[in-house]
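Before anything else, here is the set of structures, which you'll find just below.
Consider the two complexes below, in which chain A is the common component and chain B and chain C are the respective partners.
== the complex of A and B ==
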């Protein structure tokens, strides 16, 4: 099995969070089918699946010319009426034919891209994870197109409460040694978590790449790169399950929340700027972000160990909760200072 | 907010002034980006002292993006990639400062297709999500790039935008600046063609005077009385002309004094250039600072 995808995450361009009913309208723009909504523990709305036909080169680490034909499966989702995600993925399989078949063949296999010739899993997965090349399949820009369509919805007022960058999570999942794909030299083959980040960008300070081998012979490695790029390498037993995509989207969502909160706190210049200024800068976080943290809320139990690994290192929730406390402490101190000024304390 | 910088004639100091505005705005704490839409001569890299893109990028810039050759245009974090040491340390509290360079050897567009326009709309919408101020530097005169900017903003009703028209303080420049806005195929006429309301669009356009030499400036101390009198007379005539051409005081957002540093080496003027090496004038920096504030200050943009 070789599955790869890219999730882009950003702030929905609206002044406040949008109600569930509006989620339907905003995501319904993408197609005539129904928007699925789940309400607990947080409102999550997801568009119907979208297919994009592709016949193009796939990135490979060895620069080999690998041609893939098939369809990219994409969807857009809104979490908590506030965070927008565009997500696309493909399963790479070997074509049984040596030439391109009719589109009906590919349309009957949504999200599958067939490659002519032998598939060298490590070569393709490395190539995809490394960096986006302009002449190869770019799943990120497919995801981004669907996000753009949502952001352009006439139901949104485009008056976002703060500016924020979209993050890009590029992920590759392949079968472990017990799986059918035979990826003997999988990314965690050497127990690689400690070897740190790979690829083009060095890890940012504060959060390094993290990952480890989980007990079942599966593996996960998360790396922070430059320019909002993150890569995730997964090794798991068995074949493809939609739970993989859910997991990657959930991770991308929480990584965006953490990244965005870090930027807001940094810009607030705690300790340097006046208390009133600090509080004013932190207010959007309190209004719009702090309540959205719910890792693994909708995930298949099979993926719980992956989250547990990431919670150990780099420790997403640990960093999040420490930031949240910092924000709340700042607001509390400012309130006390104001009370003192007005003689109420 | 999107801000478009344009001038009727070349050599007005449009690019160097808008770069400095962007720099000042970043120092004031906003996240800013600069888009080089001067496709014929993409030299913003030189002003920001990023030598690898001094004449545009070879890795896919604005031109290539709009033509659809790439999805992610090359972006440069000035605080990290500038060759000037003074720029490489982001001061605490400063915002992001990103340059989207043009392509080396790009050339002006000879037409604007629907696909290009859609890419332009998507680009503006995406950048507006991320940056407080996106300054788009257009080439001098009427261009397809300017037409594309007008068409794109007409399709983004929720995104605020403003136009700055740069001109020097001379007869020809004053007349030309008026023509660029109100003349045949001027900004207003083309804007209306693309669905803008003439009056609303007019309220979003302001003029910036560059390389201004005030008759009472310290530099003119050594002049003879007859010369001073002549200069005063010229200035009075120009003010009258500007008033007639509606380029006068009320529609002016700011003016930048003549500064040797801007004339001889187009660059960002840092506080260090004023305070420690003293090559630039404090008045110039004050003018940039003032413009950077006024660009986003609604009271400076009330309807005329």
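== the complex of A and C ==
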């Protein structure tokens, strides 16, 4: 199994969060198809799947010329009526033919890109994760276009309450050494949670993330790159399951929340600016972001160990809760100061 | 079932897709245009006489594939009321039925061509147009949106615009178009999907024929529901085409309208139209869940259908 994807995450360009009822209009990118909405534990709406045809080079670490033909599967989603994501992925398989077939062949295999010749998984996964070439498969642009299509909706007022950057999460999932390609076992199926990714603390973060694999062949490596680029490498037993895409989107969402909150707190200049100024700068975070943190809310249980690993290192929730406390403390101090000024305390 | 959609546990988050009753094969006995009608009932009888043995061959072929010979075969007939309006249902339909009966053919379902554009308030042609995923030329890496000419669909790369004059003022040399899936030499096809005039958009005959094939294959859904269901015939036929249901079930004992596969018996003058139809259908993305339903059902009967939907369509082209 070799699956690659890219998730782009950003703020929905609207002054307030959009109600669930509006999600159908905003994400209804395909006539005759309903937007699916999940309400618990947080409102999450996802567009119908969309396909894009590609016939191009796939990035390879060895610079080998690898041609792939097939379709990219994409979707756009809105979480909490506030955060927009565009997500695209492909499964890479070897073509049984030595030449390009009629298009109907590829359309019958949505989300599959067929590669001519032998597939060298490490070469392609390394190539995709690190690629800076601009003549190779570009899943990010595909995701971006679906995001743009949503942002262009006439139902949005395009007045975002604060400025924020879009983040990019490029991910690759491949089978571990024991992965047989069978779909029965989830990521922890063979070894259970004890010997799964939590066993050896396989997550690495930072620019030179090293990563780790357990003997059972599961592993996760999350790397925070320059600008807004992150890469995620997963090694799983078994074959493709849609849970992989859900997990990557969930991680991208929470990474964006954390990144965005960090920027807001930084710009508030706590300790330098006046209390009133600090509170005003922090207000959008209280209004729009703090309630959205819900890691692994809708994930397949099989992926829970990956989240647990990431919670240990780099410790997403630890950092988030510390920031949230800081924001609330600042607001509380300002409230007290105001009360004192008005003589109410 | 495709796993791509099965990611939620909540009822509101799940897709519900109605399933269509399915025959083994849907045989199109004819397609009536104004010129055929103007040529008189003899022309129609002649058509049916030519079609009958092919329909019978297909019926036998399925009977031999299905245990006990219980093949579900339905027949249909399409009347053009979209490009030109002629006669009335009250006058025309009995004439068609009579001509068919003389050749021992039973027409199970009668459909109006305009139903392929819009039926029961559902814009079928728009639904299909929205599901076109264009055949990408080499070099399509996703960084730019697919190159399209509004209202046209091709199977490759068009010739560069010949009116363009290069910077040095010399006219650009002609370059050939290319088929994407060519085997050394190209057969380039460029199909007009629709045009517009003061009355709005008019869908092309191949586009409506592509919708027609998808309806017969039971592969179109609107918000998870079947967009058109055949309605039983009334005691008489109306005097206005608009009053005739999109698909009328003429034979109460007929097998289901939609089927695993289709056969169209046509005059060879329709060959270019059907090439265009196949060019369109090769680029229509049918819902994976719908395809899964059909595959499960046929698999349950021990029938393996081709993955590619254009391979589920057969033709007989008859000389003039």
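Please note the rule applied: the second predicted complex is superposed on the first by the 302 of 345 C-alpha atoms of A that agree within 3 Å, B and C clash if a C-alpha of one lies under 4 Å from a C-alpha of the other, contacts with A are read in each partner's own complex, and residues count from 1 in each chain.
Everything that follows uses one rule, which is that a contact is a pair of C-beta atoms (placed from the backbone, for glycine too) under 8 Å apart; a residue touches a chain by one contact, two chains touch by 3 or more.
Values in this document were obtained by computation on a predicted structure and should not be read as measured data.
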Overlay on chain A: chain C relative to chain B, clash or fit: fit
Most chain A residues touched (candidates chain B, chain C): C
Which of chain B and chain C A:118 touches, first, second, both or neither: neither
Touching partner for A:136 - first (chain B), second (chain C), both, neither: second
Which of chain B and chain C A:242 touches, first, second, both or neither: second
Touched partner set for A:158, first chain B, second chain C, both or neither: first
First (chain B), second (chain C), both or neither touched by A:54: second
Partner chain(s) touched by A:10 [first = chain B, second = chain C, both, neither]: first
Touching partner for A:65 - first (chain B), second (chain C), both, neither: neither
Shortest span in Å between Cα atoms of chain B and of chain C, once chain A is used as the common reference: 5
Chain A positions touched by chain B in one structure and by chain C in the second: 134, 138, 141
Contacting residues of chain B [partner chain A, same complex]: 29, 31, 60, 69-72, 75, 92-93, 95, 122, 125-126, 128-132, 158-159
Chain A-touching residues of chain C, taken from the complex the two chains share: 2-8, 10, 12-15, 122-123, 126-127, 130-131, 133-146, 155, 180-181, 183, 221-224, 227, 281-285, 288, 291, 307-311
Chain A residues touching chain C - in the complex, by the definition given at the top: 30-34, 36-40, 44, 49, 51-57, 69, 71-73, 88, 99-105, 107-111, 134-139, 141-142, 145, 240-243, 246, 298
In the complex with chain B, residue positions of chain A that touch it: 10-11, 13, 132, 134, 138, 140-141, 144, 148, 151-152, 156-160, 163-166, 227, 267, 269, 272-273
